[in-house]
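Below are two complexes that have chain A in common, paired first with chain B and then with chain C.
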Partner chain A sequence: MTELMQYTITGLSLGMVYSLIALGFVLIWKSSGVANLAIGQLVLFSSWFTYGMLVQAGLPPWLGIPLVIIFALMLGWSVERLALRPLIGQPILSLIAVTLGLAYFIEGLVGIIWPKSLASLPPLFPQEPLRIGSAVIRQEFLWAAVISIVLFVLLSIFFKYHRMGIAMRATADDQKAVQACGIPVTRIFSQSWMFACVLAAVGGIRISSIGNISKAPLVEMGLKAFSVVILGGLDSFLGAIIAGPIIGLAETIGGGYLSKVAWEGVREVIPFLIIIIVMIFKPYGLFGEKRIERV
Partner chain B sequence: MSLPTGIRNYTYAEDMAILRTRTHWVLLGVFLLLLFTAPLYLNDHWLGIVNRIGITIIAVTGLNILTGYCGQLSIGHAGFMAVGAYTSAVLTDRLGLPFLASLIFAGLSAGLIGMVFGMPSLRVKGFYLAITTIAAQFIIIWIIEHWTEVTGPNGIMDVSPASIGGIALKTPASEFYLILAITILTVYGAKNLARTKVGRAFVAIRDNDLAAEVMGINLFRYKLTAFFIGCFLAGLAGSLMAHTSRSISPDYFQFKDSILYVGMIIIGGLGTTTGPILGVVFIRLIDEFVTQLSPTLQTAFPNLLPGFTSGIAPMIFGLVIILFLIFEPRGLEHRWQLFKAAYRNWPFSY
Partner chain C sequence: MPKCTPLATKMLKLNNIEVTYLNVIRVLHGVSINVPEGTIVALLGANGAGKSTTLKAISGLLRLEEGEVTDGSIEWNGERIDKKSAEEIGKLGIVQALEGRHVFQHLTTEENLLVGAFNRHNRQEVRHDLEMVYTYFPRLKDLRHNIAGYLSGGEQQMLVIGRAMMATPKLMMLDEPSLGLAPLLVEEIYEIIKRFNTEQKTSVLLVEQNVRVALSIAHYGYVMENGRIVLDGTADFLKNNEDIKEFYMGLSALGSRKSYREVKHYKRRKRWL
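The block that comes next holds the complex of A and B.
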């Protein structure tokens, strides 16, 4: 029971990080039709940048974290402007491949600036564990979950009521109509990239403040967010928010109990197995529009 | 258009011929002669690089059939190579099969695994399929890492060298001939495959799968065939890699290698036979150049960042992929065609 409780809380918290990252993906996909495979590397870059700000430059979190957000905004803007803008209207293969090139580039850049393979952030959340019943839960997880929920709410309000949010939804719906209404579509594209980078950065900070900042596992973290996207449906914000905790729970609960019967570390592949299963049985996901062509 | 001035086709056979003029034959002869005598003037270090290039050409040609001709993007090709490499290593070392048999089995097993992961391609395409193959990559590598009774705790460290008819191919030069022979067969096969019914069906599926199906192309069969051929070649490459590097571990088949293979066909030119070759040679030579150059730079500029040596190569690859997509999406192959056209028509290029 205690075990289950712990798995549940960790899973939910982890899943919400996936949701955040996945939201960034869905945002870009909906507004510009680009499949951003470099999302893991965006998480990687902003996590290490946080390390640079908080540890190497020794800034306090109230100053360092906003700087990271500003950095993420700039990163998103420049990625869209330099790599994606010239390819507007190209076949999907090129759009996927350019993000792969981006992934390579960012990974190399991070390797040059931060050659260490492991680092840790100073604790951002209170450390003492909480007791719920017989389960002992690290307070960090709860704080992380709270931050995610606050972000979800803010994002929903933004998309529902803010001018820019409405413009973004409209672009996702029909690019041509939006352009005819005088909304600059390219600006929406770059805004969605900026947003996605901020979401990736928040996800990265949350993950690395709880565990370590690493290289390959962080990238894999971003890739696991794809299973959220696939399960929730590529073009559904709601799907991403709901599917995140599902994947997180499947990873921790499934991994926790299966590791007794299967090989050690089975939780690492559960999101990828879910991808394959969803692909075979329900390719448009739980909430995705069933527009995908059956061929 | 692709014929020199004054040459015309009078028969179907002439029209279909790959080599049409005497110059073609002479150039091919000289090229093959240079290739086959390469061990005479390349030292072991460079032969090692050429061997790696050859192996990669085999794998990337497979990927090109799958992605370039049939249009099914696979970002898990390193995983399929790993299947071939481990199958071959286990078959020769544990079960004592001869090298050639395990080479074939390596290809077959990788092809079958590829077909399994290619199944979703019947329902999904584009980005969805890319994600499926990424999942395949991670699942395969995870299984290899954890099935330690078969795959060894840290990979297999003592793979026996390739041997044909009792002769062990241990030196880089002998490995070179083995790899060269298989590479030539692969490239020749790929070139001809593209011109057969199967190849044309692939291209039709890539260009418009709905139209292809209406024309009577069985999508199920041809997509799986493409997956099988692509992954079969990956398996062959993996097997060759295992028996020439003599040790394999999951680190050789990472996700970023899969990305790099996709990058290679993009840089070379999708859906062409020469493209993958050019792409592989280009990337591998940049790789070698950077590896040679960065220690020098490191000593020349001591205040360079410490991660420079390991990070600069991926950065350059990423940049090259992005720049090619933006400025030359048809790849090096297109440049090569332009060069040939200019050469043919010189000095009257109008």
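The block that comes next holds the complex of A and C.
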């Protein structure tokens, strides 16, 4: 029982981070139809940048974290401006290929700037473990979950009531009609990239403040976010929010119990197993919109 | 042939424009159109005549489809706009409602209308205009929280026109507002367009295949065929033109419905050139 409780809380907390990162993916996909294959690398880059700010520059978190957010905004803006905008109007496959190139570019760049393979951030959340019933959980997990929930709420309000948020959803529906309304679509694209990068940065900070900063697990975050997106449906914000905790729980609960009977790394496989099963039975994901695509 | 009298001051002026798609396919061969301030001008013609292309040339949406104005000029109050982007043209007060009910399907009715007001920053005014649109289309008010994708065809068309109204345009361009609607609904929508034009003094450039209903509200009309303007004149002049009556309204000289059984197929359609 105690074990289950622990697995549940870590799973939910982890899953919400997946959701955050996945939301960034869905945002870009919805507004511009581009599958951003570089999300894992964006997480990686912003994690290392956080390390640069908090450890190398020695800034306190209240100053360092906002700087990371500003960095993420600039990163998103420049990626859209330099890598994607010149290709507007080209086949969508070239745009996706560009994001793949971007992924390797960022990975290389990070390798050059931070040649270390492992680093850790100073703790950002209180460290004392929390007792809920008989279960002992690290407080950080709760804080991380709270931050994710706050961000979900802010994002929903933005998409529901803000002029720009409504326009972003409109762009997802009908790009041409948006342009006929005199709305600059390019601005919408660049904003969605900026948002996605901020979400990736928040996810990265959360993951690397609890674990370590190293390449493989952070890049893998991108893959996990993919599985969330595919489970929830590529074009559904709600799907991303719900599918994240599902994947997170499957990973911790399933992985936790299975690794006792099966081999050690089973936990890493479970999310991808889920994708395969979902793709067989629900090719559009749990909340995805059914669409007839002509290929 | 009675010469048409020039109307009020010209707001939008197309001088002999030529439009080419993909650098090779020329679809407009020298089209000249004037839209004076505060009037409704109808652009009539069959499928493939170039009506929608003309609208897209004005609104700048042509570039999305690899089209380009290769000759001639488009002037808006004396300023050339044919090289401007869709966004800049939108900000000048020219708004186009696309053909075929392009509503934002996953947004509610009210959100759709708000997207139309994207470039306006005064919330008070936007609220006020929302109410204005609701007075023109009371049905939209009842449906304000419904998802637009589930509205009926007529309601979606109203929504598209309402969305264009929300931009408080100086010129509203409507592409086939009657497409696929029941005759009664078409008349209702046209009544509203007419009312909007007289009350708000907004010019309207109307593309329509339904010649009869278009001429019932327009002040002036142009007939297009194969990328050229073949006939133009005031609505009354066009309504009484024999060719228009015969080939676009299906009436013979006597004003009765004509049987096409005796007519050779190549003569069923007017060839102007």
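What we mean here is this: the second predicted complex is superposed on the first by the 291 of 295 C-alpha atoms of A that agree within 3 Å, B and C clash if a C-alpha of one lies under 4 Å from a C-alpha of the other, contacts with A are read in each partner's own complex, and residues count from 1 in each chain.
Here is the rule we go by: contacts are C-beta pairs under 8 Å (C-beta built on N, C-alpha and C of every residue); 3 or more make two chains touch, one makes a residue touch a chain.
Source: prediction; values computed, not measured.
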**OP:** Could you look at A:Ala167 and tell me whether it touches chain B, chain C, both or neither (first, second, both, neither)?
**Re:** second
Original post:
What is the contact status of A:Phe226 with respect to chain B (first) and chain C (second): first, second, both, or neither?
Top reply: first
Original post:
When the two structures are overlaid on chain A, which partner does A:Leu14 contact: first (chain B), second (chain C), both, or neither?
Top reply: neither
Subject >> Chain touching more of chain A, residue-wise (chain B, chain C) >> reply: B
Original post:
Between chain B (first) and chain C (second), which does A:Cys181 come into contact with in this model arrangement: first, second, both, or neither?
Top reply: second
Subject >> Residues on chain A lying within both footprints (that of chain B and that of chain C) >> reply: none
Original post:
Which part of chain B faces chain A closely enough to touch in the complex?
Top reply: 67, 71, 73, 75, 117, 119-120, 122-128, 130-132, 134-136, 138-139, 142, 146-147, 209-210, 213, 219, 255-256, 259-260, 262-263, 266, 270, 305-308, 310-322, 325-326, 329
Original post:
Taking the complex as given, what residues does chain C use to touch chain A?
Top reply: 59, 61, 64, 86-87, 89-91, 95-98, 102-107, 111-112, 114-116, 118-119, 163-164, 167
**OP:** Spell out the part of chain A that touches chain C in their complex, as residue ranges.
**Re:** 89, 163, 166-167, 169-170, 172-174, 176-184
**OP:** Could you pull out which chain A residues touch chain B in their complex?
**Re:** 29, 35, 37, 83, 86-87, 90, 92-94, 96-98, 100-115, 219-220, 223, 226-227, 229-230, 234, 263-265, 268-269, 272-273, 275-276, 279-280, 283, 292-295
